[in-house]
């Protein structure tokens, strides 16, 4: 195992046994299937997938909280199953929407407490806490009880908790979950700066926000139903779609039954339909640009008035669609229904 | 009114789901038996050692039955007040209950029903153990069932009022490691004449016993179950059954009003201070 | 912010101590900021213990038993601290997401548990002291202290064994969810019974008392009663020296057992994915 990898997994599987009804046999839920990833030190690596894809399970395994059912995982060169105690001093984790800490303690006290679990001397811990709180803009709330913080501020406190131990490998599990646009932008900015400043430190970030993965990550693995479907830099992933043409059309409101017809047009790889107030947005991934003529003809034959047409660059969402056949939103909707 | 009943019914169903489905029936049965029997056994050993096993004395039946029915006190009061902590800090649903069109007190009392039911199982097991193994002087043929059931029902209403009062207080305080319902219940053990006649208390403490409804409730239960035992202890012998019922009804209504006022005040305070969704575990 | 990566050695004595202090901190501060516990956790238990005193008065027990109840009532505080402040507390830590962070950090679970227990010790000690002091004064308990140092030694040894047992017990809670609360509740009365909180364990008969001696409080309290009450030795189960020897064995056994079981249960919980399971 070369030492220049922060994370490495080989044929990693995790199966959960789920209790069924009273008389049912326990069911098996395959959360991870044959996962291979290699993350070199110093990389900001993204794991992109819909809810329930297996992202959090993978993070739990890599942070030594969950054992793999089979396969192997190494973090900072150590085996998660047999060398957890070597890994733990070197890692930390921040999850979105977490409510860790104690409501009766202030922000500073909560952070100090966690710093002690990593053996950081109090003086040094307080210095780091102060500095990091300033960076995330929470220094004026240092002495506020954490129960009195808003969701966004609480998450910033958690971010500081994760970063203050200066971990070799940091796991960020949906770190912007539940945050408003401004707070999410602040958090992303902080993550980016930290990686730039810390050479050799690695971040594994899970997200189901395409923009987050695109904006932050050196490389992204796309995961669905426990399988890694692709793994490369965002630009390389998007190059997978360089032959395809992606168009966004804004049209007058249309009958909800009509969109079904567009899927059937030859050369349409994928089609999404989003109704709006007095209009609808249609997005097409086409095998080639020429197919657009047929699409426009179809619109005309249905008396649908075209308001605007735009060709756009492929996004990671399109890559996901290309790989899975459905958008992430559709996959999540199916998962909950 | 229908809406309140619906709230109560749904809360009772929810409470039962939470209370009963944490384990398999076997462990649930063990839990239901071991806890009350061990609790009663403490008093049995204390009594047995000192009296050299004179379990036929009326005093034993007094202590044993008082202790058995006192299980309800902890169960109902803790059941109702604990729902505040459980929903606020664990399930984090208290805020949603508040914004829904239900009356929170009805909901909380409904949540206490499950503990009342498990408490009933404990009471029955304790009494059965006394009958089977300890020569408890209880003849089911001579029990005044009407009086027993009336007193029991009235007592449960009274306990629910006390539980609601504690639920109000719980809205304002942190999640401590102990159950305040059980802490209060175990303290009232001292004043209610549950396990010793009130005459044993110093003069200056007795008025507390006479001021709380639990004392009259337990006396009524004893009179209904073992009339001769109740007669052996003079504390409340000057009162007829009707008078005892009258006092219990009066105190239940009085405590009901007090609970309502205190709950409303605490509820207002909790909302003013933003405590409805606090998480205070420390 | 370019610092070298520091790696604390897991299980180093310094980290152990830091962890104990850090986890005790919220308990101490929390208790200070939310003082409502004083009424519920100190005053009310005193009333509850008093009820048992009056039971003895009602059945005409010798005064020695009153002293036994007062001491038992004080010692209950420590068992309650273990049960509710330590063992079942892990359930709340899990629900809040703290348990995962504790496990993931390079510290020892024993240090976390000890921190919880020591943090709660302010409340526990106050409760025990109030019951002993006020109870002794109110009920005119007579003491005849044989040796202060012997008493202190016995008390400390009992605490080591008791908290060792508490930690072993806590390991089970790593695997539990909602049932944790019920298990803690279940362990309350039987321990009250077999520890002889309210009567000398000799009353249980030799074999039951011998079996109950696996609970450190049983032998510890029996020895302490023999050391402080005039009639203590008459009601003693075994010679104090034998009871001290049992406590030493229990201390070693429980501490080692706790260490082994906590590690084993952590492994099991990791395998079965129980450390982060949430609300149900």
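Chains here go by letter, A, B and C, matching the order in which they are written, and residues are numbered from 1 within each.
As a working rule, contacts are C-beta pairs under 8 Å (C-beta built on N, C-alpha and C of every residue); 3 or more make two chains touch, one makes a residue touch a chain.
These numbers were taken from a predicted model, which means no experiment stands behind them.
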Chain ID, smallest distance between chain and overall C-alpha centroids: C
B-C or A-B, whichever has more C-beta pairs in contact: B-C
Longest centre-to-centre distance from chain A, chain (CA-based): B
Whole-Å separation of chain centres (CA-atom averages), chain A against chain C: 44
For chain B paired with chain C, centre-to-centre distance based on mean C-alpha positions, whole Å: 27
Separation of chain A from chain B, taking each centre as the mean of its C-alpha atoms, in whole Å: 51
Where chain B touches two or more other chains, by residue: 174, 279-282
Residue numbers of chain C (touch at least two other chains): 26, 29-30, 34, 96
Overlap residues in chain A, where contacts from two or more other chains coincide: 99, 102, 104-105
Contact set on chain A toward chain B in their complex: 99, 102-105, 147
In the complex with chain A, residue positions of chain B that touch it: 174, 278-282
Sites on chain C touched by chain A in the complex: 1-3, 5-12, 14-15, 18-19, 21-23, 25-26, 29-30, 33-34, 96-98, 100-107, 267, 270-271, 273, 275-276
Chain B to chain C touching residues, read off their complex: 18, 22-23, 27, 30-31, 34-36, 38-39, 41-43, 45-51, 59, 63, 89-91, 172-178, 180, 183-184, 186-191, 194-197, 200-201, 279-282
Sites on chain A touched by chain C in the complex: 16, 60, 63-67, 84-85, 88-93, 95, 98-102, 104-105, 109, 112-120, 128, 131, 166-168, 194, 197-199, 201
